[in-house]
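Same chain, two partners: subunit A is paired with subunit B first, then with subunit C.
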Partner chain A sequence: MNATFDVVEGLTLVNPVGRLDFEASAIFQKQMEQVIAEAAGRSSQPVLVNCAALDYVSSAGLRVFLVAARAAKSAGIRFSVCALTASVKEVFDVSGFSRIIDVQADLDSAKGVLAASRSA
Partner chain B sequence: MFFIGMRMVGSHLRQLAGSNLRSLLAHTFKRPGIAQLAGFVSGALTQSTSAVTFIVTGLVSAGTLPLAVALVMLAWANVGTSVLVLAAAFDAHVLILYLMGMLGVAFFSGLDQSERFRHAVFALLGIGLLLLGIAMLKDSVTAMNGNPWVVEFMQFAGSGAAVAFLAGMILAIGVQSSSIVTILALPLVQHGLLSMEQTAIMIYGANTGSGIAVLLLASGLEGTSKQVALCQGILRGLAATVLVVLYLVETSTGVPLLLSGIRWLAAMPGTQAGLIHLAFQLVIVVIAAVAGKLTLRLAVGLAPPSQAESVMKPAYLFPEAVQDPATALSLVRLEYLGLVRVLPDYLEDLRPPEERAAGALPLQIRHAASSGIASAIENFLGALMRANHDLDAEKVFEDRSRLQELELLQLALSQFAQDVASLPDTERPPFAGQMVEGLHALLTVVVEAIEDDSSDAREMVQLLTEERGALIERVRSELLSGAASLAGREALLSAIMRFERIVWMLRRLAPVAGSDAMSLAA
Partner chain C sequence: MITLLEELVLLAVNDDGGMAFTAGSPSFGRAVAGACLVELSEAGRIDADLSAVRLVSSAPTGSAAADRVLAELAAGEPAAAEVWVQRLQEIVPELVRLALRMLVERGVLEQTEARFLWVLRARRYPVIDGREQKEAKLRIVSSLLGDEVPTPHDTALVGLACAGGLLQGFLSNAEIARLQDRINLVGGIDLFVKGVESAIRTEAAIRAQAYMIPMV
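== the complex of A and B ==
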């Protein structure tokens, strides 16, 4: 799995591509920890993970999202994921993770929600 | 008649002793010197070395009885089985008449219907039938005594030590008892068809055969369970070696040894045979005392603990800990956490190879190991209560209830995994894999929450385990209209139902007091 990290429109946008399995999870978790630390340094900038190109997520991958969401909450950062593919959404729903992690339908609506929360 | 009696004696005496027999055996190791008595009594009650061996095997496998104590008990159980042989060696005609008279009174007064006395009545009836069977056998042997082919056959069986030994061994393997072979040989001995030397070597063969029978019965076992049977086999093999050597020395050189001693002790051939059988069992006791450690080492070397056994033993509990309730309860907590920690492993067989946790056990072994440890914790809690009458019972009941909930969860996870595993690859929809990964992640979070024991973590579990009715209903209807076979759909629907149940159980496993649940989405 590859991931790109951009700062756009006042938020940190993470774009994972491919399969987030056991092997990829360890690296991705470190990257997310760094992203959240940097976002905290930028006036608690929100972090959005765009999962449009994420084909698969395993239990270990789900844990990365959970750990990132908890770290973001501790740092006072808003954390969201968006544009889940059907299979990834199913895993989020089945595990119940979509109840504790903010899931947005697509990138545009996620950006809108995050922008609104900042201005609120 | 003899065999019917034999079976009745064994089964009804076992019923009579009931769980007390097991309890008697389980508690012996706590009192030095009682192990021998318990072994003797259980041998006398069951009249079967195999039966005692396998009762002891169960106790050793469950960790209730140390193997070293089991060895002593096995040795003395053999001596116990000699009681019937000695009883049968005497002329029992008068005894049978008295016994039958007593039984007639017992049946007439309805004791055979009484829950309390019926096993005693039927055990006595068994003894009566058995003795009557032997008496009839003796009478028929008298009639056969003059039959030329019988004489010829017995001459062949006793023509050489090796033939007599083999005959006894094969018969004992067949009937799985050296006592039966000895008892059956008694009429032949008493009517002079077998000499004392022939009888002795046949009894040695029979005892070796019953050891082989135990080993054959234990051939499907492994680890500790097999070690007990191996001990029995090794002890019998060593005793046979010692006694056969003594026999050969005595018969070839004329030096007075065991056989001469027995002749000096008893003049009647039947009694001599009974004493030879008893001598074999006493040699086993001596060998167990002298070479017990060697026997144990050999048995452990031949059947090392299996993978399942190694992981089935509690990591923290030890019997003496029940004396200190505070320590005991903290050990229970550690053991419980150990069981919780391996809950996600129930799903490892179902996951893609690259996702599996290193060192995770196959489902069957995992479940056996976890169930075994849970039972050990329950037993430990019971012992804790018994040892401390002033203990806060509510705390123990809480722990026990939590443990029972965990056991139900273990079972549900095992059944869920079996349901999913039963689906052929071609019929496994993507949802099955998603359900497995989702549940694995959920289990991982629950494990962390229980280990952390923080209210935040527990609140998160409450959110994660909220009811999923809509999702489950959608998936269920999709599956019903899918292309899978009827059996495939059945397995899938069963897995989904179990999944829902598991989520509900996880919610109960990590409860949170009162407050609103915490969401990371906030």
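== the complex of A and C ==
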């Protein structure tokens, strides 16, 4: 799995690509920890994970999202995911992740929601 | 630091050192199997998705119970978490014995022999100072009363304690009812715990069907 990290329109955008399984989870977790620490240093900038190109997530991958969401909440950062592919959405729904993590339908609506929350 | 399985078994130990009635229940057995799967997952030995548990490494973890389950996984055909929870039921008594032995070795429990009717012997495991048991209960209650996102370990502990019927040991039915939404939210945001819940539902459905009287 590869991931890119950009700061755009006042938020940190994470774009994971490929399969988030056990092999990929340790590196991605470290990257997410760094992203959240940096976002905290930028006036608690929101972090958005765009999952449009994430094909697969396993139990180990879900744990990365949970740890990241926990770290973000502790740092006062809004943490959202968006554009889940069908297979990833199924895993999020079955595991109950969709109820504890903010999930937006697509990138544009996620950006809109985050922009509105910043201006509120 | 005690393991997830040890925490679960510890929650099933009564004040008098006996095992709670829930300890022999099918739900508790499935929670025990689930705890071992979560431990192996946390130790990087297995991974899972909705269709199968995958062996990542068969290197021993150092936990006798987890390694017993790891050997079963390595020898068995690949299957979903729910199926593995079911398959592991045969070795649940052994897993509980291993967890109790570890808790005695760690100085958390004491092993004593009691006699009933002067003849029948019963083994009891009184808690020595209760610190670990209190800590496990406190972590569960904190996860349920707070609004923080729980750690993966705590969400598994809450989910398995709930699935195994162990919350009733220290929370009243009214408290459980009041916290039910939060229990559902944080308990078991984990595919292995979901496997435990599915296995319990399947077992209950089979049992209900067995008790049904055929309509004439």
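Going forward, the second predicted complex is superposed on the first by the 120 of 120 C-alpha atoms of A that agree within 3 Å, B and C clash if a C-alpha of one lies under 4 Å from a C-alpha of the other, contacts with A are read in each partner's own complex, and residues count from 1 in each chain.
What we mean here is this: a residue touches a chain if its C-beta (ideal position, glycine included) is under 8 Å from a C-beta of that chain, and two chains touch if they have at least 3 such contacts.
Everything numeric in this text was worked out from a predicted model, so none of it was measured.
In this superposed model built on subunit A, subunit B and subunit C take up the same space, so to speak, and clash. By the document's definition of touching, both partners, subunit B and subunit C, reach A:Ser58.
Contacts of A:Ser95 after superposition: both subunit B and subunit C are touched. Legend: residue contacts after superposition of the two complexes on their common chain; A:Ala37 is shown touching neither subunit B nor subunit C.
In the superposed model, A:Val67 lies in contact with subunit C only, and not with subunit B.
By the touch criterion defined above, A:Asp21 reaches both subunit B and subunit C. Once chain A of one complex is fitted onto chain A of the other, the partner contacts of A:Val7 are absent, as it touches neither subunit B nor subunit C. Steric collision with subunit C, judged by C-alpha atoms after aligning on chain A, is confined to one stretch of subunit B among 163-171, 253-261, 289-297 or 397-405, namely 397-405. Shared contact residues of subunit A, touching subunit B in one structure and subunit C in the other: 21-22, 57-60, 62-63, 66, 69-70, 73, 90-91, 94-97, 99-100. Across the interface of their complex, subunit B is touched by residues 21-23, 57-60, 62-63, 66, 69-70, 72-73, 79, 87, 90-97, 99-102 of subunit A.
Listing the residues of subunit B that touch subunit A in their complex gives 344, 351-352, 354-355, 430-431, 434-435, 437-442, 444-445, 460, 463-466, 468, 471, 503, 519-522. For subunit C in complex with subunit A, the residues that touch the partner chain are 41, 44, 47-50, 54, 56, 148-152, 155, 184-186, 188-192, 194. Residues of subunit A touching subunit C in their complex: 21-22, 56-60, 62-63, 66-67, 69-70, 73-74, 90-91, 94-97, 99-100.
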